[in-house]
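What follows is chain A paired twice: with chain B in the first complex and chain C in the second.
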Partner chain A sequence: MPGTDRETDLSERTEAFLAELKRSGGGAGPLRGSGETARETVALLRKITAQARWSNAGELMEIVRKEGRRMTAAQPSETTVGNMVRRVLKIIREEYARSRGSSEEADQQESLHKLLTSGGLSEDNFRQHFAPLKGNVIEAVNELLTELDGTTENIAMQALEHIHSNEVIMTIGRSRTVEAFLKAACKRKFHVIVAECAPFCQGHEMATSLSEANIETTVIPDAAIFAVMSRVNKVIIGTQTVLANGGLRAVNGTHTLALAAKHHSTPLIVCAPMFKLSPQFPNEEDTFHKFVSPQEVLPFTEGEILSEVNVHCPVFDYVPPELITLFISNIGGNAPSYIYRLMSELYHPEDHEL
Partner chain B sequence: FTAVVAIKWLTDGEEEQPLQAVLVADSFNRRFFPISKDQPRALLPLANVAMIDYTLEFLTSTGVQETFVFCCWMSNKIKEHLLKSKWCRPTSPNVVRIITSDLYRSLGDVLRDVDAKALVRSDFILVYGDVVSNIDVTQALQEHRQRRKAEKNISVMTMIFKQSSPGHKSRCEEDDIIVAMDSKTKRVLHYQRTQGLKKLQFPMNIFHSVSDEFEIRYDLLDCHISICSPQVAELFTDNFDYQTRNDFVRGILVNEEILGNQIHLYVTMDGYGARVSNLLMYDAVSSDMVRRWIYPLTPEANFTDRKGQECTHSRHNVYRGAGVSLGHGSHMAENVLIGRDTSIGANCHISNSVIGSNCTIGDNVVLDRAYVWNGVHIASGAVIRQSVLCDGVKVKERVTLNRQCVLAYNVVVGPDISLPEGTVVSMHHPDEEDEEDEDEFLSDGADNSSNQAKTKLKAFSAAEVGAEGKGYIWRPVKQDDTEDDELVQCLWGETSSCITTGVYAVFQTEVLGTLQRGMEENISCDNLVLEINSLKYAYNITLKEVMQVLMRVVLEFPFQQQGPQLAAVQYCALLLRLLKKWAPVFRNYVKRAPDQMDCLESLEEFFLEHETHWGAMVKVLMELYQLDILEEELIMRWFSDGVTSAKSRQLRKNPGLLKFIQWLEEAEDESSEEDGQ
Partner chain C sequence: MAAAAEAKELNDNSDETDSKKNEILRARNDGMELSKEEKQRLRKEKKQQKKNKKDDKGQPDNGMGKKDKKPLTAPSAQVTTQVQQPVVTQKALSASPVSEAPAPVDRPAKSKAELRAERRARQEADRASKQAKKGESAAQPSVGKTKAPPNELQPVVKRLPEHIQADDPEVVKKLAKKLEKQQIPVRLDYGYKVSLFSHLHQYSRKAPLTQQMSIPSTVIHPSIVRLGLQYSQGIVAGSNARSIALLHAFKQVIRDYSTPPNEELSRDLVNKLKPYISFLNQCRPLSASMGNAIKFIKKEISNIPSQCKEEEAKSRLQASIDNYIEVKINLAAEAITKFAIEKISNDDVILVYGCSSLVNHILCDAFKKERKFRVVVVDSRPRLEGREALRRLVKMGIHCTYVLISAVSYILPEVSKVFLGAHALLANGYVMSRVGTSQIALVAKAYNVPVLVCCETYKFCERVQTDSFVSNELDDPDELTVTRNGRTQLKHWQSFHMLGLLNLVYDVTPPDFVDLVITELGMIPCTSVPVVLRVKNVDQ
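This part shows the complex of A and B:
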């Protein structure tokens, strides 16, 4: 039967993706590229939409939600996956509303009165069957994929507005977005100081890559961040996740950097594509942190001392929103206080909990 | 562009074969007895997950697509477990095939079966079912394949090691090895287990080979993961005496010139790999797991994808499953893993422990380095340190378990009892063992105790396990102190007394057997020499060692026959008769001056261990002198030069010996005078 064949193929692909998610991030974690993960997630969801058995939007949403829960559980620190699931759910809602003839986006959260009376926009509304829904959803998901493909360029395009000649810019670790952002400005002459970001020292790779693009680059140890900060004009960093309150979950050491920048009143710019925006709040759950093998901090070869001490190697820092000056995303620059608005544009409030 | 295409074409052509693995889900020893009497070792939980799941996860994540699981002991349970697991789901990227047989007695048998059934088509990974690892073997596999391509299948095996300095707690002392290798090609030149050895010897010829850079390394931890070429299985078939991988490695290295096979090694710096070969390793690997050394294999990852295995990770490496309840004032200090639906009472202090699911723990309990499996009840006031409590154990009020206690399945202890260090309690009576078959675990000592124990069989001793206790102490202390230590340490893996200490010891017992048979069947000395010679080749023993072993065996022979309480006089009489009988054998081996010195040294060594029999020594020397095995000159030289310790100096002050030496001197003078005339 071709139907079952297709379904086993689908579940095989899902399993493979889950397994990959679980094993990803051995060590440096975010370096696998959230962009890639986002694209893979959306591609998989598109496949699910195309191949799974569903007859109306409600069923499809239930399937997507179920798979989404499994995917987020596989690697809780990779919030991109959950974000993409929410985006697809939102697409399904919109397409359903469009098929029905009403414009869902317009009347969503319009007034307090509406919020109170609508009371749990129940899924009964999604039970109606529309033949073209599948095609419309897939088309909209394809648009989302195109948007994802262009995020890094869209961010990099804004570089010249922010980086001026003879500026000294500090960054930490390695972020693909920041790398592209800085390289996009390389026709101007400026100086980049890279904090190495021990113990994984992704900063070294970043510095090599930047100097290959003829950008004047200096690597400093993390301990020197404060000392060097007085010379810095701007701090430009990447992040792993943008949280719902406008804070960040970024690579370890970012909080130090942000505090030093605040002390010297240096502007802190965060380059983050929109798919990193997550409806999660800080300290919401235990999965906020991610601890990896202590190998990099104290190598296994040390011998006896390892049985005497506990070594921890956390990967992420929380940076509160008041330390951040500006977010640069693929849709332009925004202040941290505006994040809530972006959040409501991107995700449906009912999808915050998958 | 063309180059890329060419490479792609090449790899497509050669790597069509899916990567295969052979997983041996049996340890072929009884180190985990009595725990493994109820559950095979591969299914014992480590950090609440069966060990075989770690091994399969390791194989799957490293890209293995087909795994053959070989089971012997309790194969049904392993099969059942695997069929329920995610590995046997149709979507699993790693196809698991289970092969069971009761006939497997060693790794050698398994690999011979692999060869007989022609299961492997290309290079495969060989692991045991109790290996916990997150090493990515892709790199090693690539090196292995390149070597095989470059040198026409000369390299048959790549062993994977992890760098870890001596003293690391995850280094298993039994597995301590010293390796000599070629730095450039990573070829293994010499491989030796170091446990219990004080002296190490390297054959000179390994340093004469082509390369000019060598490394002798003692900082390697054997991960028990090896990449084997299909030839390995064939070689096991050809050499039916290979039982373990150790035999194989030694065999290949020794016969390297003949067969032209080589073994290489791969040292990983950042991966983790260890085999849970005893309870100390169990302790070490569990604690490494909880301390996240094996990331991304962590308790909260729930890689087995089982319902109810989820847990959360919070500060100080505290992991909690769903439905865990913690009483008021209880403190989970650090490195604690608690399974689903376990409830803990008030004012407990728990550190460095793993607790399974559905356990009940009372108030004021102290747990440190405790490994509590599923469904265990621990009543209030218990104190448990570095112990293992298997499924269904009940610990009553105010029980103290000191270090290295083991409570096997469904045992009940207490109340108000303190188990001494190293107590092993099981629902199986230790004597059941004897009836099944004899093994090294219960050596001769057990026979004495079994008669006494049988009288009270099936009655639990309240003094041992408490008034409400259920279970038998394995090896009661009062009967045989030393044996008891031995058992526990075996389980915990501190001494080697119950495993074979190497070829040398085997050879010694073989020689002893030959001589005994020679004695009983009255075999002529020429035939004895022939037999010993063939043994020498079989075990690859040098002539010098043969001599030492022979001397030792003959000297111990009377003890073997009559028991160790033999008095000096009788011993002497028996021995002299033997020496006369076997003089031709000695003459065959003891020819040149160095041989005689060796002979004397081993003689001295033996008598240093048997102080009471020093009187016999003179007689032995006299006899050997008269049988023309030893020359007077060399006896003199040994007497004057061979002093190595205070005790050997003392030996030389023995009046009998002095008299003999004096007599020798006079005899020499006479003979020299005669010569002069």
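This part shows the complex of A and C:
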């Protein structure tokens, strides 16, 4: 009886989480930050690990994968969910390997070896039962949670290394990471220009928040990005996802900003925590673009022409890695060409397809 | 006119000078009010004396100084010193009491002529150096006219327009004085200006102009007042529309104009137009096309021969204005359309930005000529002019797509050509246009999509500019506020003292982003603009 209670409770929580994911995608942009989504995903996975029935690592991984597929299907554009699932899977693999006693090097040798041999061998490897596995996995997941809690502070701590005084910094839209980054450096006097990012104009909120922290801020419309770029020293942006090739999936208007920065040889710095790194590549056309209601673009008041016109309101933009100068994440600064390596440290190659 | 008369009189001998002077003395002693002409002359002399005083700082001798000044100023100089004694605080002049005035006149003419020549030479040199140093106000050109004939050695100095010197208190004061003289109220700046743009004016559009400043109806013609209001509220917007409205208003002014006695139409009308132009400048800074139109009108007016009768002159002016509109705007549009249609092929996807009357005209004509294409209209906040273009194109039946400028990198892979309108083409090949144009050109270049700019030659301008900061227009910052989800984030932006809103109107596109400029003279590259300007100048 307590088991079924726990199970129903678990499935209720999962359903609630899925429903929230579905709802948060539509409407005026993301209502919750990706950090919160990541944390909630990991917490839910921890609960699943603790309460679901499984006897060996393989079964646990199956359960996690199943839940992960459901969650990513609910909101395909929210990639942090999938990323966290993959992290947890990697944790499980590692804990299993440690329990079995095999060393780290063997694992890596295995991956090279895998190029020649079939992948079927690894399936059997996860059938062994280890009693302390559950405890270890939950402990590791807790560590992951603490890491997630500290990402914003870790990134913000690096702010003073990158911002000098009397600088003009440009940003677009609203990113909590960038906001924390700039506020951490506020004791140096610098000027921030925020592009408002139509049609949702989240830049306004960012500007008011920055000006309350005593940072001199200016709001410009999107059309003026190139016009003012010649006076900008650095461009610092946040992003929704970092793709496997080092490119970005960021809020629309970022590609224009990146091109303008490239034209003026202004460095483009992306503040992105590691949980945003996704093994997706940008050529997956059907999952890349997301559109929302074009009501903000051409309102229903323009009724007589509305029916004869196509109106588009894409949410995201693709920024190729050549336009990016630096990634600042909670583990430090990296060049875009290094992203593929970071990915292999975070995720197991078999988990790229959930 | 009084100016030419005075210049002539400078070279006359002293007898005429004396008689004229005595006449005016008599008039003054009789208590008659000085006529308007004399008042104008007096005003000019006051200015000249002020200049003389500045030049003469090195001359400590009061009597000498006074004597030196006298030959150079007009014959009524004596009257000036007497009449304006309480007003003019020039030490050299006011030191000598009224009774001494007749005394210097009796001095021998020889020394006077000598001194006169010597002073004139020095004046010329000083004036040349001063003009080269400072930006002048409108007062000085009229003073320059009353002085000697133009000196070829003077450098060609371009006057720095006042509307980009809002941060210089000297210039602001001079402008205020000039407007006061022309009886035009000064418009006050509004709101916090971003520090990079503190040299530009920023006005509010919330209340119509008539509520903010009282406009004297006797000084400014009502059609000009109406035009100014239309400009300031944005009712008449767009380069061509503003120029045409301006020319029509000037036609009305000319129709209602009547030459006052003893004045020449060619000079007086130009002077009449000056306060109107200052007023329009206050309502909204003049565009390059408007500047060219005004130059054309002034030239036409000053070319009217003095023996021409008033009615004939007026009809001639009106005909030339009509001709200008017809040739430079309407026919030019036809010619440009003909060239541009060659560039539109079937199954094209054409991207346009904002609302350019010329580009709309081209697309409508191309559609009438049975070309099959579809159009992507890109728009931007806060003006949202693209909606107007969208309406016009949809009414014609053209298949359209509509996006905001932040989505342009999403839609560009589908586009085959970009057509842009221009506000002005600068002499170094840069295209000055609505803010956002340079961005579209940038992204189009990145995707290798050809960018074509359509511009009539009357918008070509001799200015050069490399960025969008030094000369631009700031629109009302309140227009950036928007309500989303029931919340207006920036409603109280003025209470955040660290927050500024920037609403630029224009930006400049570098010539390497533009592939072709279509003008009525043909299809030229951006770098040929100074060639066209030179050819035009030679023609005129």
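Here, the second predicted complex is superposed on the first by the 335 of 354 C-alpha atoms of A that agree within 3 Å, B and C clash if a C-alpha of one lies under 4 Å from a C-alpha of the other, contacts with A are read in each partner's own complex, and residues count from 1 in each chain.
By definition in this document, contacts are C-beta pairs under 8 Å (C-beta built on N, C-alpha and C of every residue); 3 or more make two chains touch, one makes a residue touch a chain.
Every value quoted in this text rests on a predicted model; they were computed, and no experiment measured them.
After superposition onto chain A, partners chain B and chain C are found to sit side by side with no clash.
By the touch criterion defined above, A:Val311 reaches both chain B and chain C. Look at A:Ile236: by the touch rule set out above, it reaches neither chain B nor chain C.
Contact comparison for chain A: of chain B and chain C, C touches the greater number of residues. Contact with chain B, but none with chain C, is seen for A:Ser293 once the two complexes are overlaid on the shared chain.
In the superposed pair of complexes, A:Ala260 makes contact with chain C only, with no contact to chain B. By the touch criterion defined above, A:Thr301 reaches chain B but does not reach chain C. By the touch criterion defined above, A:Ala19 reaches chain B but does not reach chain C. Look at A:Thr8: by the touch rule set out above, it reaches chain B but stays clear of chain C. For the overlaid pair of complexes, the smallest distance between C-alpha atoms of chain B and those of chain C rounds to 7 Å.
Once the two complexes are overlaid on chain A, the chain A residues touched by chain B in the first and by chain C in the second are 289, 302, 310-313. The residues of chain B lying in touch with chain A in their complex are 60-61, 89-93, 134, 162-169, 219, 269-270, 272, 291-296, 301-303, 310, 312-314, 316-317, 334-335. Residue ranges on chain C touching chain A, taken from their complex, read 194-196, 380-382, 387, 390-391, 394, 399-411, 434-436, 438-439, 442-443, 446, 467-469, 480-482, 484-485, 489-490, 493, 496-504, 507-508. The part of chain A that touches chain B in the complex is made up of residues 8, 11-12, 15-16, 19, 22-27, 73, 285-287, 289, 291-295, 299-304, 306-307, 310-313.
Here chain A touches chain C in the complex through residues 28, 191, 196-201, 204-205, 207-208, 210-212, 214-228, 230-231, 252-253, 255-256, 259-260, 263, 289, 296-298, 302, 305, 308-314, 317, going by the rule given at the top.
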